[in-house]
Amino acid sequence: MLATNRSEVERMMDEVMITLTEKPELNDPVLIEGLPGVGNVGKLAAEHLLDELETTKFGDIYSRHFPPQVLVEEDGVIKLVNNELYYYKRGEGDEPGPDIVFLVGDYQGISSEGQYILTERVLDMAQDLGVKMVFTLGGYGLGRMVENPRVLGAATSHAVVSDMKKVGVVFQKGEPVSGIVGASGLLLGLGRIRNVEGICLMGETSGYFVDPKSAQAVLEVLTNILKISVSFSELEDKALQIDKITSQLKELEGTGGSEGGSEDLRYIG
Amino acid sequence: MLATNRSEVERMMDEVMITLTEKPELNDPVLIEGLPGVGNVGKLAAEHLLDELETTKFGDIYSRHFPPQVLVEEDGVIKLVNNELYYYKRGEGDEPGPDIVFLVGDYQGISSEGQYILTERVLDMAQDLGVKMVFTLGGYGLGRMVENPRVLGAATSHAVVSDMKKVGVVFQKGEPVSGIVGASGLLLGLGRIRNVEGICLMGETSGYFVDPKSAQAVLEVLTNILKISVSFSELEDKALQIDKITSQLKELEGTGGSEGGSEDLRYIG
Amino acid sequence: MLATNRSEVERMMDEVMITLTEKPELNDPVLIEGLPGVGNVGKLAAEHLLDELETTKFGDIYSRHFPPQVLVEEDGVIKLVNNELYYYKRGEGDEPGPDIVFLVGDYQGISSEGQYILTERVLDMAQDLGVKMVFTLGGYGLGRMVENPRVLGAATSHAVVSDMKKVGVVFQKGEPVSGIVGASGLLLGLGRIRNVEGICLMGETSGYFVDPKSAQAVLEVLTNILKISVSFSELEDKALQIDKITSQLKELEGTGGSEGGSEDLRYIG
Amino acid sequence: MLATNRSEVERMMDEVMITLTEKPELNDPVLIEGLPGVGNVGKLAAEHLLDELETTKFGDIYSRHFPPQVLVEEDGVIKLVNNELYYYKRGEGDEPGPDIVFLVGDYQGISSEGQYILTERVLDMAQDLGVKMVFTLGGYGLGRMVENPRVLGAATSHAVVSDMKKVGVVFQKGEPVSGIVGASGLLLGLGRIRNVEGICLMGETSGYFVDPKSAQAVLEVLTNILKISVSFSELEDKALQIDKITSQLKELEGTGGSEGGSEDLRYIG
């Protein structure tokens, strides 16, 4: 009787696999995380930056802590569920400022332990590239419609809180009450232990649907901090589409005689 | 106080145990996976091939990621829940073509992590035998009766997509929308990372019951690709039995005055 | 900043901890497993043997795969949830036959993986003591009252099946249909892979309540095989008590006008 | 293709991370655990001692077995979910007696395995500091209002039971019937295996709400044992507040015509 000769210990190294096509040389890089969450605000914001800046994909993160699933792309080619890494490097003509590493994707770890393990490995990778500051992007669900979303913050140190207040980030005593769950929280929490600074920028959002307006509010603060400028027209278009849909829903309610108004939109999501 | 002397690290090597009774010498082998899934199309198809070809069992896969259970066979002898490995080696008179390794069984891993771990070990074993191409077989659930099932595909590269289109495999933009879950997906997804090519062949099926007709459609494509020929009479017999049952069910509905027609068959389960 | 200096790898050795107060010298020992299950038949049977024979406790099994719980004994002293090991060694005056190792306790592993891991470690320990044959004891739930329970079997080899038929064990084609789940199954399934023979002896039982009569049926077969003799009066007393309760329940039903008869006892739970 | 160079085995050392800012020299130290549980009695009691004694924080426990979450403190600074370690060292003027290590926090491990692993690591740390006796504090839920809560105990040995009876701890035959679950139980159960003595002190409580009166009862026993004296005025204030709320609730019931009396308070939650 023969057994295959690969030891279990060896295999365990694949619990998270980060494959890099290159190891970029970056100046004073920061990490921006935009994974799925409340109102998909963080994901929308990070992916908008990716689209608008000249970024380069340099890595994939695969893990058994993601769903056991492949996606099928338009051309019939499959892709294992993953998170992706991009970088943005400033050119000679750009305003001086930090380079950027992006962490984006359609999934977070599906177990609590998996979320810890993935975050630890992302921080390993980020620190290896010289990252000392992390921006995690997300939504702050209010459960009601928001006309002019503010950007709330929670950070790893008083120094960061103080810096961020100056650029308009709002800090509200002990909010969010329930803390910050998932990658946006863990990157800060585990980062702090490693002396990696960070802030979670949370755009106010109803939480009922995907919210491009909230994503734009987050980006207006973030681009200001990072000294980059991008067009927001794509996000504005998306916001108009969402507004149109919500208006139609309100009208439908009106017709039906309901007096619920915008409050009832909470039931859409 | 004494403690038993086997270390935990040693024990961990048993997380997946692949026991081979021989290590076959195979020419240009491909792997065919047919584990349980939608309409049991993949399992039916793979096991039909096993029955019709002169195959040799050469291995068992045991794992703590399968259910903690033994099955009792007809003779009263138990068998630990497992997956099984067979090979098919072409003889001198056969048409030239690849040899085949089969992965079959009654179970997939019961946790997401278990599915990743099992697939990684199967790929280790397959690559060790020289496998460079994987065929995963499954059903494509339509939620309605199908008269002439087509065979849809999703593959690891454009080259494979292109080859498979030539033999009649249908590629539909970004379908299946929800991706491919379980062994059929992971063998391709994890295989792609290791430069193992692969395709998932999915026979259209209602998804309401075991579907031999869909399995036959998959096999007609697959045997053509692999240059093997087998009789389909057994599958055709099974298909007739299923047809008979579904006809009776339709009649029963008619008697009962229901106008539901074939659509109601979804409730058969 | 200091960190405690015990490595995780070291700690992992405690995933299952088997502590032995002695390593007994046993002649041709067999392992008897009697953990909780259908009708608690196996547990009742094994513990009755423990009480009737002159046995010695020689070990405890602790594991993080048991519940995170201590029990409080009559004297106020706590006991970590565990499984226990006893042995029975024949004296000079006893009939010749195998010595016995007992595995008993109030819990099985709480996860599928935990059940595999615990069973592997028990087999390690048993083989270390020279065990080559395992008897797992359990109930075979019929869902109806049983007057004269038979003892069904499922074994690791044709040789064992054949031997056991001679002493009255009943083998029914492919039963139990759903296989054998938990320690009673895994000890045989994982044992077979290690060339440890074994049989699961299942006493027929309604499955509605603890069943001493079924336990006695199992023990009558088992003591015959192992050439030991014990009194069954304690089990008979327990059986009488159960009979009394079930009779009262039947009468209550009669009074209530129900015509359900004994069939309704399935709802006792 | 590059891979990050930190091995999985290395990473596993972070499954539980205990970071100490100093390793205190303690005389004959005991460990006091007060984590969340029934009526939060243990947590209230331990934290009251922390507040009243001159204690020093010397460590944090982080683990992937806690929720994947950060909390946001009043100043906008995040804190990874954790348990915390404090010590109390007697000064020259104090009554002679043991020094104390405190284990407090807002969370216990979220899986059974996690609870075992965390407890093992806490015991490693505690033994490293010289701890030979553990006091775990908790509530004993009665499901009815308690005027004068008694303090029940369960201990690791007859010697401890006997000592504790002398100072008024009540031992009731085999109670609590369902044992002790979580850190309060495991510290004793796993401690006993390591020859660390311990007792769980359980204050009687309704279990309907946070119970400072029960916490005070526990502390009156504990401070007597440890030869420390603290003011209870803060706990008494909290108890008055709770009494006020429950009285108001009773009145409300009266108004509503309900005759339920205090029994109905179980629905407060």
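First chain written, first letter: the chains are A, B, C and D, and each begins at residue 1.
Just so it is clear, a residue touches a chain if its C-beta (ideal position, glycine included) is under 8 Å from a C-beta of that chain, and two chains touch if they have at least 3 such contacts.
Keep in mind that this is a model prediction, so the values were computed, not measured.
Shared contact partners of chain A and chain B are absent.
Distance between Cα centroids is largest for the pairing of chain C with A.
In this entry, chain C maps onto chain D through a rotation of 90 degrees when their C-alpha atoms are superposed, rounded to the nearest 5. In this structure chain B contacts its sequence twin chain C using mostly different residue numbers, the overlap staying below half. Computed from the mean C-alpha positions, the centre of chain B lies at a distance of 37 Å from the centre of chain C.
Between chain B and chain D the centroid-to-centroid distance comes to 53 Å (mean Cα coordinates, whole Å).
Among all residues of chain C, those that touch two or more other chains are 9, 14, 17, 19. Applying the touch criterion to all chain pairs gives A-B, A-D, B-C, C-D. On the side of chain C, the complex with chain B involves touching residues 9, 12-23, 109, 112-113, 115-117, 119-121, 124-125, 128, 153-158, 161, 171-176, 179-182, 185-186, 188-190, 192-193, 200. Of all the residues in chain A, the ones that touch chain B in their complex are 1-9, 11, 14, 17, 19, 62, 64-81, 110.
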